[in-house]
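The chains carry the letters A, B and C, assigned in the order they are written, with residues numbered from 1 in each.
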């Protein structure tokens, strides 16, 4: 009897072992999947230098899933779903979820120091030394990395207003139905 | 009598058409001000071609764009451009957007018209460009550019033109009265469209209760002695006027999901659009006016009005004797798919077929929503054969993936499911919200992909620059070393 | 002028849950009337008791769950559950049977699963099955139809019997109760008699038992009215009767001594009530058109199988609950083809 049980276990062990070899997935797709959920603002609020490094850290278990304020609670939930773990509230240590914004340079104050250009993670600021700079609003991810380096505080974050292009049909008020 | 087919579901709705169906078309007065929103369709923004203070004539283009889905807007009367500024536009959001405002001068002077003597001698491309320049879009409500529809591409073989006179939404009668008043213009328009498409089969479809319109069209067709064109009566069943539903009823063909009617060899145009095409080609008149049904128990005199596009709704209501005290809601379009407006100082646009001033007794108040009891009435009513109840669960839970799997984007938002729902759940609103969210999510994903590309490129550039810098300093060092070596060599030689 | 902005469709809704439930209640009247005629007012007492208990239970649970009470009670769903349960009970069932059944139906089978619309099992049938397996003695003691009873009980006697479980001094329990036609067929077949012999017993009327067949007729009438009013579709009743009838015909054709006539099975017991009022409960049934036919066929066949080979003389409650289990799977496999999409 004991022999039979041991045999069964042994067979299952062999099957498991073989499937681990046969069904091995090359590369590390989980990092790509995590990165696909992250908003790609490249803001570094999660304490990692960009979205890819954060995704790698999550995959390696070095970072929690609730460190991305731009992704918001929805992002946390999507990550929890993907990784099969419990969702949790956004960690306030890394910042709070804010309305989507773009950086705007107050052009009268700009001295053309190019510091913001060097800070921008997506090359969304145009300009050259001693010349006024400007933000390409469409390319700006709202990461705020350009705000602090500005020596004359001429960059402000402006929330994107609701207009015809981003308007959404509102969700019905959920009653007890 | 041609054979007709049927589609799944649909509803027999109370028609309310008697309010306005048997009244002559009244010409609306020239308003003091005309307002033209510059956003034509989602994402298609026109650029003004006139400046503030400039004077314009009737029929003059005041805005246009290079976007392939754009058509120009024309001033509907002479006057001066007062301003180009934000105004509340006719849109379900109630948001404001850029509009051209024209103060009319009362003289109503027109630009000289350039009719085409014989359209049969013109190639399709020139008819299309004439139709585009006349600013013609689908007048049934969707406002899709007619010239684009007339150009289905060489890979699609078109065999049938259908003119849509099946005004299936309750209350609306503007197409019905137009077919009675101007059957010749519609029939001529149909022949022009058939010529432009090179098709040999034209069908004008009207609902079976439109006896007068059917007679008028039949007489007009007979007079042309053109056997390629027929008028056909189809059963009144909402939403039979929906493009894909109408094609099914008239030809038995099913337009594929995500496809266009041209995929099954059919082009569908509204009867009003055909009349506008006739006016543009044979009379040289751009689209500056249309017939609008002003109706509902909330307005004193219900009637159909020939109104200039850009006329404020308040202006039309005044000419109908004003509101009744019981007026509760102002709807642009019909009661099934139209949207409520926040105020009446909003202009009519090319797509406006109806202004419904509804009394409180005519419209749904705040509904007492109950839980879904899975009765399945919604699925029975759905003209697309969806499972509205499943879509409700998934859209309510925010499960957009599942919504897509259950064909959310095949939903035509006709509202049948919601009207029959005993639990009175705002189903359509759930679907619209889920569609909006899906679209927004796709846009965000696209933006994220661009940001990622730009970021990766930046990293690569920085790495390259660093490598180049390293290379340069290495070379410099080498050169220096060589120089030094040479110097020591010469020193040694000395 | 300013207006409110509400989203389309603006047309008034044509139906409401309250209206549906009310019409179901109205449609039950002929059957209940026939039951009262043949079995006395005990059924009305059961109904009154069950409705009061169900409403109280629903109100307290709604209060506990923080849901609006008044407007929810108005949907009449608790009343429908209570009535369906109470007309399934023996008319002389003691009061606590009715109370326990109603409480279980409303509190456990309905609200613990989330209330109206969320319960996977028909609450009335869940309540019924709980009673049947827990209190088989009380649940099988059916009063004899008035025309057959050896003793006539007055209204006062009935009230005493239900609330105090007391019979008049000179009457014993067996004198007032009688096996139902289904039960009788079952027992007698077990004793080795053939169906034609059994049919000559006094309990049988034209088709399926004196009194009983008229009650079934009452439910059939109400059910047809519901169908005509489009409150229920034809698919489930037709499927159910077809499933049961087909099975019964086949067996009857094989051996008419061992198996009762199909017409007997179609009229006997809870067949009509089940086909038109219980299996058609939309919350717990399949939803697609084809799915509902399959669902009906399945329940009909199960009813026959359990009646003939199972442990209980009637089987509607078990068959419906088993059908409820399969509803999601049936729906999954009977999704209609969307317009313009390939099959």
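Throughout what follows, a contact is a pair of C-beta atoms (placed from the backbone, for glycine too) under 8 Å apart; a residue touches a chain by one contact, two chains touch by 3 or more.
Treat the numbers as computed from the prediction; the structure is a model and nothing was measured.
Novice: Need the central chain here, defined by C-alpha centroid distance to the all-chain C-alpha centroid.
Specialist: Here the chain at the core of the arrangement is B.
Novice: Ranked by contacting C-beta pairs, which pair of chains comes out on top?
Specialist: B-C
Novice: Determine the centre-to-centre distance between chain B and chain C, using the mean Cα coordinates as centres, and give it in whole Å.
Specialist: Distance between chain centres, rounded to whole Å: 52 Å.
Novice: So, what's the distance in Å between the C-alpha centres of chain C and chain A?
Specialist: Roughly 56 Å, centre to centre.
Novice: Taking each chain's centre as its mean C-alpha position, how far apart are chain A and chain B in Å?
Specialist: Comparing mean C-alpha positions, chain B is 37 Å from chain A.
Novice: Touching two or more other chains, which residues of chain C qualify?
Specialist: Residues 7, 117.
Novice: Mark out which residues of chain A touch at least two other chains, giving numbers and ranges.
Specialist: Each of 169, 176-177 in chain A touches at least two other chains.
Novice: Which chain B residues sit where two or more other chains touch them?
Specialist: 92, 370-372, 423, 426, 429, 432, in rising order.
Novice: Applying the document's contact rule, which stretches of chain C touch chain B when the two form their complex?
Specialist: Its residues touching chain B are 1-17, 19-20, 71, 75, 115-118, 233, 282-283, 285, 287-289, 292, 335-341.
Novice: Applying the document's contact rule, which stretches of chain B touch chain C when the two form their complex?
Specialist: 7-8, 13-14, 92, 94, 170, 244, 248, 254-259, 314, 323, 328-331, 333, 335-344, 356, 358, 362-364, 367-368, 370-377, 379-380, 383-387, 389, 407, 410, 413, 415, 418-424, 426, 428-429, 432
Novice: Can you tell me which positions in chain A touch chain B when the two form their complex?
Specialist: Listed in rising order, the residues are 35, 38-42, 50-51, 121-124, 139, 141, 162-172, 174-177.
Novice: So in the complex, which bits of chain B are touching chain A?
Specialist: 39, 42-43, 89, 91-93, 95, 97, 369-372, 396, 423, 425-426, 429-430, 432-433, 435-437, 440, 444, 447-452, 454-455, 457-459
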